[in-house]
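Here the chain labels run A, B, C and D in written order, and each chain numbers its own residues starting at 1.
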Amino acid sequence: MALIRPYGDTLNDGKIQLSFTLPLPCDALGEETAKAFAHKMGIENVSVVHSEALSEGYSYYIVYGTLTHQVDPTSLTVTEVETTAMSKEAIEAYIDTHFDRDLVFIGASTGTDAHTVGIDAIMNMKGYSGHYGLERYKHIKAINLGSQVDNETLLSEALKHQADVILISQTVTQKDVHIQNLTAFIELLEAENVRDDFIVIIGGARINHALAKELGYDAGFGPKKFAFDVASFAVLALHEKKKVN
Amino acid sequence: MKLTLNEDTIRACRTDAKTIVDDLITMIDKHSTVSVERTILRLLGIDGVNDFDIPFVNVLVDHINDHADLSKGVSHYLAAAVKDTKLSPQAIAEKINASTLSLKPYQDVETDMAVLMPYIESTLEAINKQKATRQTFMQSRQTDQPEKYVIVATGNIYEDIEQAKSAAKKGADIIAVIRTTGQSLLDYVPYGATTEGFGGTYATQENFRLMREALDAVSKEEGRYIKLVNYASGLCMPEIAAMGAIERLDMMLNDSLYGIIFRDINMKRTLIDQYFSRVISAYADITINTGEDNYLTTSDAFDHAHTVLASQFINEQFAASAHMKESLMGLGHAYEIDPDMENSFLYELAQAALSKHIFPRAPLKYMPPTKHMTGDIFKGTIQNALFNIAAVSTNQSIHLLGMLTEAIHTPFMSDRALALDNATYIYKAFKDFGADIEFKEDGLMNTRAQDVLSNAKALLDTISEEGLFTTLEKGRFAEISRSPHLGKGLDGVFEKAPSYKNPVIDVLIKQLKEGDTWL
Amino acid sequence: MALIRPYGDTLNDGKIQLSFTLPLPCDALGEETAKAFAHKMGIENVSVVHSEALSEGYSYYIVYGTLTHQVDPTSLTVTEVETTAMSKEAIEAYIDTHFDRDLVFIGASTGTDAHTVGIDAIMNMKGYSGHYGLERYKHIKAINLGSQVDNETLLSEALKHQADVILISQTVTQKDVHIQNLTAFIELLEAENVRDDFIVIIGGARINHALAKELGYDAGFGPKKFAFDVASFAVLALHEKKKVN
Amino acid sequence: MKLTLNEDTIRACRTDAKTIVDDLITMIDKHSTVSVERTILRLLGIDGVNDFDIPFVNVLVDHINDHADLSKGVSHYLAAAVKDTKLSPQAIAEKINASTLSLKPYQDVETDMAVLMPYIESTLEAINKQKATRQTFMQSRQTDQPEKYVIVATGNIYEDIEQAKSAAKKGADIIAVIRTTGQSLLDYVPYGATTEGFGGTYATQENFRLMREALDAVSKEEGRYIKLVNYASGLCMPEIAAMGAIERLDMMLNDSLYGIIFRDINMKRTLIDQYFSRVISAYADITINTGEDNYLTTSDAFDHAHTVLASQFINEQFAASAHMKESLMGLGHAYEIDPDMENSFLYELAQAALSKHIFPRAPLKYMPPTKHMTGDIFKGTIQNALFNIAAVSTNQSIHLLGMLTEAIHTPFMSDRALALDNATYIYKAFKDFGADIEFKEDGLMNTRAQDVLSNAKALLDTISEEGLFTTLEKGRFAEISRSPHLGKGLDGVFEKAPSYKNPVIDVLIKQLKEGDTWL
């Protein structure tokens, strides 16, 4: 048990900053309501340091205070991809040793999502932030379908190319459009009875591994993840699958 | 603060761009598209949807396509049917929808466009009334600093209105209603007030009307006209331009190159559509916003700065060919250099000054940092402040404000308010800064501007040789490659029959040519 | 009952922003702990949008999420000075009509606090933000003792000048030094049996009326309060007191 | 980027300032103070406190004052007692504290300072060792941009250390440990490691040592020397200067005018104290930081800009009179113009360039916005960014970073980190900006700088006529008026007896004059 609190300038002082808008005019009652929210959140010594009218019926507050909650970090479990990441060369060697053929990765930015930079970062030759993309990997055939690809097209292309791994990028998350779209794809795989034929991996700025698992995917990768992270997971998972089958 | 640039190079760039565009005008002239035809119908006064939510204009075009020969143009059929039935275009559309009328019989009759003129004139009259209203509103408006432009993107027109009103109160001059992710690929325009969009709100005529009405009310309260923006882009580009003209939008995002590159729309389709849409906007005094700034979201902003400039030259000629005045050409550029780069501000300032120098009368659309924004909202606040400094120091016209939460979500009301506070503060603090300093003759900024210009020239030389289609195929813009034979919407393109008529565009162009757009 | 929540872009969507430091390294466990704190605060859909190492054992988090708490503003009471503020002229006229002598206001920034701008804003001729200070008021004798005045000196000066109103400014609030100092002054008044001889008013950037009442003062004024606010309250309170005595 | 200023006016300002300061040197020379005497004792090696936490140096001075004639100076008594008892100064102090020795008998004996020389030399040796260590550390240091200076102010030296380490890791070059609110009025220096301060931490020798040790460790880790700052100010000004010299502080806030105006310290007392403290700092190669920037927290920064400049000229002469090199004169100025003012950034940039132009070799201390900071931390972030732009564009030396929470609390660890991120970003983005632009000859900024200079000249003329005491009485600085006959610490000032001796200052000045401060 090692309970901690946020830190301002003295250990466990609990200092925290908040900001939010309320659907109220900017006046004393608005400020009092802002404080009431902070109290409900478990904050003491609430100080509304700034308030501003956004229009007649909306006001914005910046608040500082002391959080009374404590958390024991040792009691938490981190849902992260567990395989250790290998280098490009190690991955290439691993495929060479463990598989008797090249592996096929097919990817797309799906639904109405037109953002390609994320999936390109993983798949294209040049990669991202100095990490080459899958197209440059020996023993990997990388097929990038681009963006605005609907789920049906993605599946039929995956079947056509006998893909081992399907990669899906989702960037637009407003009103959980990505959840709807990702759920639909898993349902499609299941309806077609092909869920177990692929390792299916998702990624995007607001995607993480916990969410991926929740939605029925094999893994999820967010910002600061690169081709080697994804490929490491995929080749190990494929090898695991081969053993089971 | 003035750059030292070679004016001959600038002139040569314009000549190249004109060659590039002229080359395409021939193709454009020979073709029409389903959306161009639907636009004609809209301008003839046809509105509304059927029980399956299909717009009557689509019903009509599909009907002609399925049962007759669309290459003659919808005007041919309508002229014949109006003359024959004495019904209005709207009534005709409804009858066709109800299958109580067919246009097939009119396929081969002789037609005279004169019968359609009253309908066209009545629409143009409505548009002119809107122009007059805008003119009156605009008299109250200061124009000595960039106009503050913010987006609303809740997906729900009624929430959008709340957000827009708040923005106006906090100093916004221009409100853009962003569209839902899927709309640009729809080959019809949705109908009515809508509340369900993702990352934006459907562009419908009713949504336009509702927002314009709300903004007119705020404009009166604030004593300051608040402009409204939407997207004449995607597969329904000219239709939306027409809707915007009718509902008094003030600006339209409008750029085929954006659709080709970022939406995979077929290049022929959208270039044809764009031509008509720009003629309409030119007539309706609607400023267009072009999208070359977006290239820098996929390409490095430092290395590819010249591609933006080259594209601005091309867009200028596209607009000119559609009889647009310079004062309506909101050519795009952006503040997108990696903040980790040494002297990033200097390069940005040089680029902003360069655009302004070359297009002094165009109301340049200056985009904020987006690509290098992160979840660090404090750093983001600074990135936006620097961008604001560049905007006000080089006196940009249309100043899209950066959001501190750009990397996180579509803007909250407070994000927008903070953005407006940021811009207002910077405008004041740097009011005469641009006028109070000079670039060093052989300094970093002057040299950078000269380099970008000469790289743009080289690129324009190449494009004028190889043609724009090849350029797009080679992925010279945004490093994304597109083929003329692929892309969405190609099936909606058709070659005009010899007898093809578009009486609307004829009237518009005639009046634009006569400078007589004020009836 | 009109329950509300914070507002992002849709009514009652509960959107809120937080930032805080944790005494943990900047890694996946740190991020998970940040999320755990947000959950304890009643936040759902927690998104850690930024994390940054501050040094080996400290990390900083920026978090967005959806607050599940609701507050009914109509159920809240606002502790604010209730008297309506009069103009300078009205206050002068009020004293003229209701008192047969000039009123004495004595003020200081007390304890080790050297900040004078606040008390000067209220007392000095030129005032603040375009509102004249008490020295300019007819029928008010304003005595400003400056800063770093200890409680004993303030009281003896107040007695010497037969002050009606004592004004205390406190700006430094770190480790609640102002609370200690303000509490000591009230205790001093009580020990000397003179608490009821004065209207005692406190002010400062982190002072508010609720705090003043809690500490036993007659009123408290924070930012954006000027001489006329203070004088309005004081003359009415003095008149009230006169009626009672 | 260079201002066009009248160099004759600048020279005339210096002449005025010298007149003003020379006028006071006579008074200073004639007097000593209890803290000057305690400082001598410290430099003779006396340290420690008694059971009541009273420092031995205070015990000794009080003893002489109570039982003998302090006007002869402590050196007189110590020289006699050392010679007589053969005890060290420290042992003598302890005996006096235990009342087992009295100095009264030595009141009228003849003394020779020679017996004290070994003690003085041993202290100077220690100081010189510290200077050498600093010199070695400093070799690794870049100096092409302003040095990032941040404060720690937790009140607890151990928390301060945590905060300082974090700041250093995030790029800070200089760490200042702010003092607790009450300390400057204490007429003794607290002792030992402390954990209980308000708005700052007690300045004690042990706290200095602990922090220096921690920063040395970080310096090694980072391969970059981190400087340490404290306050040689208040009633113990020279004592703390001595402590700083011994513990290798690198900078000291040190300005009598600040103490007079903002702490109500008697002007005679603190001017006498300051002279000795600056000699010590000059010897120990410690940069002083002066405090005229603070005037702008009570006076309007636009209207009173010239008072800051005038004060810088005076502080320069005060420092010079104490044999200080220009490279140690951290003259203060600040970015404090109301952000609501039009062109505020232009006026700030002009002022910053003006200071730099006039004091090109002085490591100017440039203070961030404080007065106009509010609870709006996003606006505050921008205010600080603009300040950072001014700092890097005019190449200021000591760059105090602004905190986004300035109006709220003493900085949290994260506030400081964000401030450092802000500065690091701006330094990079604006690296060569100052060198790449010119002020317009007749522009707003050039004109403003000229105006401020001529107003400063007029003020200096007045002061040189009326004398600094009258100036302070008239409240010309910070609009706060102080009388020479009032203020804290006056009772600690005394006229020197004819036989008065201060052997320490004699040695220091001799070596400083010979330029021979490197033994």
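In this text, a contact is a pair of C-beta atoms (placed from the backbone, for glycine too) under 8 Å apart; a residue touches a chain by one contact, two chains touch by 3 or more.
Keep in mind the model is a prediction, meaning the values are calculated, not measured.
*Asks:* Name the chain pair with more contacting C-beta pairs, choosing from A-B and B-C.
*Replies:* A-B
*Asks:* Please flag the chain sitting at the greatest distance from chain A, going by CA centroids.
*Replies:* D
*Asks:* Please work out the Cα centroid separation of chain A and chain B, and write it as a whole number of Å.
*Replies:* 33
*Asks:* Mind checking the centre-to-centre distance between chain A and chain C? Centres are C-alpha means, answer in whole Å.
*Replies:* Centres of chain A and chain C (C-alpha means) sit 44 Å apart.
*Asks:* With centres defined as the mean C-alpha position, give me the chain B-chain D separation in Å.
*Replies:* Measuring from centre to centre gives 60 Å for this pair.
*Asks:* When the centre of a chain is set as the mean of its C-alpha atoms, what distance in Å lies between chain B and chain C?
*Replies:* 52
*Asks:* Going by the touch rule set out above, which residues of chain A reach two or more other chains?
*Replies:* Touching at least two other chains: 7-8, 11, 15, 17, 19-21, 47, 52, 58.
*Asks:* Using the touch definition from the top, which residues of chain D touch two or more other chains?
*Replies:* 153, 376-377, 407, 409-410, 412-414
*Asks:* With touch defined as at the start, can you tell me which chain C residues reach chain D in the complex?
*Replies:* Listed in rising order, the residues of chain C that touch chain D are 19-21, 52-56, 58, 60, 111-114, 116-117, 120, 146-148, 172-175, 177, 205.
*Asks:* What residues on chain B touch chain A, complex-wise?
*Replies:* Residue positions touching the partner: 153, 155, 162, 165-166, 169-170, 180-182, 185, 198-199, 262-264, 297-298, 407, 409-410, 412-414, 417, 480.
*Asks:* Which residues of chain D touch chain A in their complex?
*Replies:* Those residues of chain D that touch chain A are 153-154, 156, 159, 163, 374-377, 405, 407-414.
*Asks:* Which part of chain C faces chain A closely enough to touch in the complex?
*Replies:* 4, 6-8, 11-12, 15-24, 28-33, 36-37, 40-43, 47, 58, 67, 69, 71, 73, 76-78, 80, 206
*Asks:* Using the touch definition from the top, list the residues of chain A that touch chain D in their complex.
*Replies:* For this pair, the touching residues of chain A are 7-11, 15, 17, 47-50, 52, 62, 64.
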